[in-house]
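A quick write-up on the structure given underneath.
Going by the order they are written in, the chains are A, B, C and D; count residues from 1 in each one.
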Amino acid sequence: MVEETVSLECNQQIGTNIWLMEFRSALLASHAKPGQFLMVHLGERTKDPLLRRPFSIHGIRDGDKVMILYNVVGAGTSLLSALKEHDTISSIGPLGNGFTLPRPSERAVLVGGGIGLAPLFFLAQALQKDHGHTVTVFLGFPTSQQVVRIQQLKDLGVNLSLTTEDGSLGIKGVVTDLLHQRLGNKGTTKPVIYACGPPPMLKEVAQKATAFNLRSYVSLEGYMACGLGICLGCAVKAAHGEGKPYYYVCHDGPVFPSGMIDWEVL
Amino acid sequence: MAALPDLSVDIGGLKLKNPVITASGTFGYGTELTPFFDPSLLGAIIVKGLSLRAMPGNPPPRIAETPCGLLNSIGFANIGIEAFIEEKMPLLAKIKAPIITNIYGHTIEEYGEMAKRIEKVEGIGAVEINISCPNVEEGGIAFGTDPDTAAAVTQHVVNNTTKPVIVKLTPNVTDISTIAKAVESAGAQAVSVTNTFLGMAVDIATRRPKLANMVGGLSGPAIKPIALYLVHKVVAAVRIPVIGLGGIMDYRDALEFLLVGARAIQVGTANFINPKTAIEIVHGLTDFCSREKVSNINQIIGGLKTM
Amino acid sequence: MAALPDLSVDIGGLKLKNPVITASGTFGYGTELTPFFDPSLLGAIIVKGLSLRAMPGNPPPRIAETPCGLLNSIGFANIGIEAFIEEKMPLLAKIKAPIITNIYGHTIEEYGEMAKRIEKVEGIGAVEINISCPNVEEGGIAFGTDPDTAAAVTQHVVNNTTKPVIVKLTPNVTDISTIAKAVESAGAQAVSVTNTFLGMAVDIATRRPKLANMVGGLSGPAIKPIALYLVHKVVAAVRIPVIGLGGIMDYRDALEFLLVGARAIQVGTANFINPKTAIEIVHGLTDFCSREKVSNINQIIGGLKTM
Amino acid sequence: MVEETVSLECNQQIGTNIWLMEFRSALLASHAKPGQFLMVHLGERTKDPLLRRPFSIHGIRDGDKVMILYNVVGAGTSLLSALKEHDTISSIGPLGNGFTLPRPSERAVLVGGGIGLAPLFFLAQALQKDHGHTVTVFLGFPTSQQVVRIQQLKDLGVNLSLTTEDGSLGIKGVVTDLLHQRLGNKGTTKPVIYACGPPPMLKEVAQKATAFNLRSYVSLEGYMACGLGICLGCAVKAAHGEGKPYYYVCHDGPVFPSGMIDWEVL
């Protein structure tokens, strides 16, 4: 975990409200694990918005280029999107625990909803390149304009299926439909599930995992003030019997085995 | 080369090598930020507020951002004083800066009980009493808004410890001077001004409060001008040292508080945004004093020109 | 095409076509911003605070910026009630929105005196009593921090006018509910929450306060979460309408206040930054209601979900 | 007085902490008078700094390009300096009263200290181009790195003299030395003086004007919240006998006959 001031190599809009940012960091490129995140400062010139913003590491490119894939949803991400090449930002990372990789014998199914694709790309990179796993990726988006990074995913050699809610691309429906179908296929071996997306989607993934008795890891979001384990802001309710009332997303997560979380209140 | 300026200050008998302290609840249990700098270089470290027994804290969302501010309703999530002494103190004792425990009780007796337990612990330099936490149902802020109750809590803690007692005041009162004077008379060796302001925020999309607890405490740069005014007011009212805090982000902010008369300052929310803030303030103050030919920081404290 | 949503509200008998009002001291004498929009489109206009006789105001600097906030110590510079009635009212009377005068007295009697003079003036829809101005030596805030005095001032004004009386409360108190209840009992038809917070700022280069008056009133987005909390608190305490203000910059901020129960809102500091703020809020609320299928703004007011 | 959203044509550093900004506005170009100013918004993406910032109109170029010359001194100007070509800002103007031009028979002496040069350039443009006056410009700067826009001034055909405090360019000294010298020259006709710069400089100019019984106009700064005459923030003490305690810089100024101001307290 270090604080680095990095200079942007690129910061481009690649979909409706979706941007891709890239900067060089030898340290992150060599030390970061898929699922870990960064706390990004929005610039020295203003105190509003005040807090850093958490972003997953989207992937590593060309050896030492770190990518962030982000949705412009509010003031902070809007400020980020205004940054140009050569502008500098301060980033703290890598933070959090990252995904537990599957055992060599296991298959991995990655399930992403919308911008939940962000950390899964990095995971797919790691699984394909370093470990040679068979990787299946299911992605769901509201509409085709938000479907991004597909070619790059395909280039990794994963099995990719898509849904859009309006049917403008891929299968019409939501991404958990794909998961349901896949798990229904009697013949195939039990996969490990890795999911990131909106809470209702994660909840459904967690239920499926329980129903099918699968290991599943979910990457959660939470309102974070620090990302460093010192503010205790990012609480999520732990499942009954975990021995503690809350987990902290930045410190205990952001990736959790889905059984650790109390999905009733999420 | 000129000698380095002397930044040391005295807070009710507690000697600090510089006036920069980390604020309770914003620096964890004291060692979390060691990857960023050596906490031994700070004036003192105030750890996360402690209660007699562990508390789970409030349900999430616990934080919400506001313009230049942060609302929190952590709800005093903490491991309890015993676990703190056993699990955290051994590591903290290695830090070469005084550790100050921030304590919160549901009753006056609990405050005394905690003071007693801390009394025997080596490495704890002082006790800061939180009578101003807005995020819990009982006690907390209620103790801090009434001068008599504030004095009673203070007295009870003072009677149960030989360590310097610092009382952290709430800003949510008509006249903070009265409270400050009351705790001074009750034996407080210093006061910290200020804790957070009661505030709330609403998510218009869901039409719900942004905090599950509805109400939270506001901190950060937004409150700085109000906090500065309150420090100014308390400095005029009491003789004991005043520790200033509220929205301090850099050494310039720290200087504003010192100039109005704060003997030391605390860094809170800023730790979240730049974990090196506290140490950068130490360096900034050192450089400022060198530049301005100030040999001793006490020449700055209270040095506001008003004519 | 669907009918436009009904934005009209009732403030103690005063009918407003929408809940958007300009705050005293931030909209001049009412006509200065006509190059930007037609003030007749607003719910009401509160003019610069008036005193019995003209006041020169404080020496400069009178303003200082703070993080997301503005400190001012204008010191009630105004032309006096007579000059206002003679020179400004003829122009103001043409505006097709109620004009509300904001009055400030050095003594209780002065408040009554001013109410009397206004009583006869056509076009003035209501009187807002300022018992919370932090920028003057006598009266002002002192009237606003004590429930009995606040009630006495209110009563005196109510006795001297048939127009609705709105009391503007100060946030610088331990329990704003008590004050709100006191002025309600004394006959106030509405309360405005909140005036500015006492604050200060220091220029570290000169080591002087940034305001010549040292202390000023803090306004702007920085105070929004605190103001919102105070409105929430007052709404729970009284039955008369509460007008919410403090840091409102756009229709989203306005909605937060309406959701916690404010019957109308005022736009202050935002007028300086975007002179069209008030009218943009009217449009923003209209669009929001249309989008969310809200036919009447009263369905939004107090609509905060808390379970 | 209108609010316009303008797109930057250029925003460049041209000296130590000194930047030149340019945007098109047909309205300002045709209606603005020298000495008038704009209230510039710092961007929609942040509320800190909160207030607009006042800047003099530095000049008009190529028909409809409006120039602002500014010193980066704090958070607001730092944010401005980060804007790039095609970024947009909101400006309100033209505001204030502007300089009262000399009668055809009169000579004009313009005295600028540091960034006080900003409005004087526009004045020189107007005096030379539209009125054919003989214009003398005296400028003073701390050091040569802050001396900007000299060639452009010379191109206008004015008589230009320079001082720097460290003597690194022009005459060593302060700009009021030049004025003193000029006024000492018995032969020449009495000029009208136009001055902009730091308060102590303006004070000296005012004293000189009184001593030599000259008309002189000073452009003042003041802390402004609105620039529109509604906040009453920008008070300056009126001279005794003016019949009112304060003038307001945005509304009654920013240009004042120097005799209207109480220089004791400035």
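Points worth noting:
As a convention for this text, a residue touches a chain if its C-beta (ideal position, glycine included) is under 8 Å from a C-beta of that chain, and two chains touch if they have at least 3 such contacts.
Worth saying up front: this structure is predicted, and the values here are computed from it rather than measured.
Common partners of subunit B and subunit D, by the touch rule above, are A, C. Remark: among chain pairs C-D and A-C, C-D carries the greater number of C-beta contacts. Separation between the centroids of subunit B and subunit C, computed from CA atoms only, is 34 Å.
Centre-to-centre spacing of subunit A and subunit C amounts to 46 Å, using the average Cα coordinate of each chain.
Centre-to-centre separation of subunit A and subunit D, using mean CA positions: 53 Å.
Residue positions 47-49 of subunit D are each in touch with at least two other chains. Among all residues of subunit B, those that touch two or more other chains are 67-69, 220-221.
If you draw each protein chain as a dot and join the dots that touch, every dot ends up joined to every other dot.
Within the complex formed with subunit B, the residues of subunit D that make contact are 47-48. Within the complex, the subunit D residues that touch subunit C are 1-3, 41, 47-52, 90, 92, 222-226, 228-237, 245-246, 265. Remark: subunit B residues 66-69, 71, 145, 172-175, 197-202, 204, 206-209, 214-215, 218, 220-226, 228-229, 232, 247, 252, 255-256, 259-260, 303-306 touch subunit C in the complex.
On the side of subunit B, the complex with subunit D involves touching residues 67-68, 221.
Across the complex, subunit D is touched by residues 25-28, 32-33, 35-36, 48, 56-57, 59-65, 67-70, 72, 74, 77, 220-221, 249, 269, 271-276 of subunit C.
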